[in-house]
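Every chain is named by a letter (A, B and C) in the order it is written, and numbering of its residues begins at 1.
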Amino acid sequence: MASIKEHSKTPERLVGGHRLCGGCGASIAVRQVLLGAGADAEVVVGAATGCLEVSTTALPYSSWNTSFIHNAFENAAATITGVEAAYQGLKAAGRIAQDKQIKFVAFGGDGGTYDIGFQSLSGALERGHDFVYVCYDNGAYMNTGIQRSSATPHYAWATTAEVGSALAGKPQRRKDLTSIVAAHHIPYVAQASVGNWKDLVDKAERAFATPGPAFINVLAPCPRGWRYDSSQTIEVSRLAFKTKFWPLFEVRDGIWSMKEVREKDVLPLEEFLKVQGRFKHLFKPGNEHLIERLQTEVDEAYEYIRKMCVITA
Amino acid sequence: MAEVTVLAATGNMMVAEAFRQAAPDVIAAYPITPQTAIVENYAKYVAEGRVHTEFVAVESEHSALSACVGASAAGARVVTATSSQGLALMYEELHIAAGMRLPIIMANANRALSAPINIHGDHSDVMGGRDSGWIILFAETAQEAYDNSIIAFRVAEHPAVQLPVMTTLDGFITTHAMERCELLDDGTVEAYVGKRRPQNPLIGGAAPVGHGMFASLGGTYFELKQAQRRAVCGSAPHILTEGQKWAAVCGRDFDFIDSFACDDADYILVVLGSAAGNARVVAKELRAAGIKAGVAKIRVFRPFPASELRDVLQGAKAVGILDRSDSFGAPYAPVGLDVRTALYDLDTRIPTRNYVYGLGGADVTLDAMRQAFSELQSLAAGHLDQGLSYLGTR
Amino acid sequence: MNKQNDNNQAAKSSIALDTGDMTTTFARSVEDFDCWRSEDFTLGGVVTDAGNSILYKTGGWRSLRPVWDEEKCTNCMLCWVHCPDSSILVADKTMIGIDYDHCKGCGICALECRFEALRMLSESEAASLEGGQ
């Protein structure tokens, strides 16, 4: 795994001049993931409709210093696997060189991945194409204005999971997409975060190096939707890790492993929640039990991964 | 010289053969009745190593066309096939494929749309996609489905066209019925279709490119849509040229409209697809009885051959427009709307009646055709009003 | 043109032409995009100048400006790896400056810097400092 200084020689594959908000986690995730493709690789990028896509492709400009395709919201996986199939077909036809290597990667937000693009992703993974799918998970439909998705955390505020006398934010737990993807028994599955850049870039390197389908779910906070200052994106991501809200783990050929939070670094969940306006209602008197419940759920999810690491070791 | 094999084949078999002979790089498809035999036959070619095609067995029609969009943008020659609910599920992607100016060849086995669910032939599915920017061809027979499918590659991939083409055949009637067909040899088809030369492909090109960009700001979208209208309308001469080149190879005529006895006809039925045969049988009967009947079968539905149709219909006393789908709430059914619009530009008004027939595979009988021609005579004589009616309901 | 753009050029020329494809480009400069007509676009609006958003300046969004103290900088690259706008300029494993044409002033670099080599100043403050120099 290359050092940060080595990586800094990689040509920028996502250049400036895009219109994502200041402090956006999505573009950080993309830059870090694409470092993992290696400095010399030819990369074709696909993207689902969403913040990342609209902000990087406003005509006549493209921020992608690679070949790029956007099709629609729910089909980034089907689309990039169509590109990959074309690569295989053109090779078989002798129209491109047999030794030509291309990396295929698709980016989708949590809406485009957990929800509307779930079927397309599942199908593409099952078919076994050689590609990497990256979900940049900011926990809501940010492009349309912070509506809840199945990735939105329990009790988080969203514009379609409001906070009022009858409702305390989203009433349901979030979907554990990374584990569901692992159940496809593809060669490489990982969960990472922009707050742990080394872990993320290393995982991306492994994903790109893996023949067949690979999937990475990257926590990519949204300052607007989570209601924190734009400078805190990395800090909030680190808190997600240290409070065990967002475990960093991977599943390589069915074997689970986790980057554990060091015992002395573990923080209570409140530390992650209190810096975000979307959870501010949880700190009102009388809502203590909601935080307790959330802490229990987070602990359970963390334990589940730990157990999977033991079972599959 | 082309070698011709005469065989008994269904429309689905002939479309699968046409696809195989065009040697696509990618097929992405999903099974649906009555199209399934096309992809099943193709899967056999793949299994037998007869084609180099990458077969993407997707989990839905939406993903089928989505994968085709990716593959075509990448620079591959791409085919798919669908029907009915599958085409409806592709609706979003129909517009995207056309808007991105991607050559893709899709066979559609024309079938009714739910509800109620029905697996039989009509044109409801295709008509839902008629405004999406695809070139749309209708076949009457298995042979025509084969010819249209081969011509489709030359048209879609033509440097001045660069549009997806839908080559359609009527569910069960044409997809499943065995007919005498002529299959040309692989080398002849290969020489005719040539190789795709992609414009700005994602892979293998001179430079990285961006497909499917965002055009919400200012009038960008508007300008690109104008370019799209020009492209679809402007494809007409290329369709004719490429179709006639194939006609010279195979010896079967090609034109936007297949006219039967229309030159001096007083009463003409306009029809798409497999029902043309029954219309012609009755027209012949009427001719034998001294009534000047004709049939105009539209083979190229998009772009709509309005001026060619006017030329065919202009001498008629009454025109009947057969529609195997309806546009609920509209003044007329889809073909009715287009044909009446085309006729509006004539100096003299020709009265028309619009007949919705054969929905959900309901039988299209000779008696129904006789009734239609008979009504046209009443219409011309002033004994019947213009309008729309369902032909052949109980 | 800055260093980042040099990188763009290098990446582009690395792809070989081997399918006999046709390449088309926009008929007009992006400078007068507002005047483009249908015929000035590539088919389907394909962008053939990948990475050309570098020509679009987002620096004007900024209200706070990161100011770099080269003396304190250790070239650890943490600002570079975390920048959402690819605006930390590096060459040969060394930080060489900030791309103020694209930096939106989010403040991540200054918060993540462990050496106080980056601090956020208001644009007016930064302007008066520059004026004083």
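As a working rule, a residue touches a chain if its C-beta (ideal position, glycine included) is under 8 Å from a C-beta of that chain, and two chains touch if they have at least 3 such contacts.
Note that the structure is a prediction, hence the values are computed from the model and not measured.
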Between the pairs A-B and B-C, the one where more C-beta pairs touch: A-B
Chain whose mean Cα position lies farthest from subunit C: B
Subunit A and subunit C: spacing of chain centres that average the CA atoms, whole Å: 24
Distance from subunit B to subunit A - Cα centre to Cα centre, in angstrom: 43
For subunit B paired with subunit C, centre-to-centre distance based on mean C-alpha positions, whole Å: 49
Junction residues of subunit C, two or more chains touched: 11-12, 15, 18-19, 33, 36, 45, 47, 49-51
Multi-chain contact residues (two or more partners), subunit A: 57, 59, 62, 64-68, 90, 95-96, 100
Two or more partner chains touched - positions in subunit B: 75, 204-205, 208-213, 215, 220
Sites on subunit B touched by subunit C in the complex: 75, 99-102, 159, 162, 197-201, 204-213, 215, 218, 220, 223-224, 226-227, 230-231
Residue numbers on subunit B that touch subunit A, as the complex places them: 23-26, 28, 52-54, 56-60, 62-64, 66-76, 78, 92-93, 96, 195, 202-205, 208-217, 220
Residue ranges of subunit C touching subunit A (in the complex, touch as defined): 4-5, 7-8, 10-12, 14-15, 18-19, 26, 30, 33, 36, 45, 47, 49-58, 61-62, 75-78, 80-87, 90, 92-93, 99, 101-108, 110-112, 120
Contact set on subunit A toward subunit B in their complex: 44, 46, 53-54, 57-59, 62, 64-72, 74-75, 78-90, 92-93, 95-96, 100, 102, 119-120, 122-124, 126-127
Residues of subunit C that touch subunit B when the two form their complex: 11-13, 15-24, 33-34, 36-51
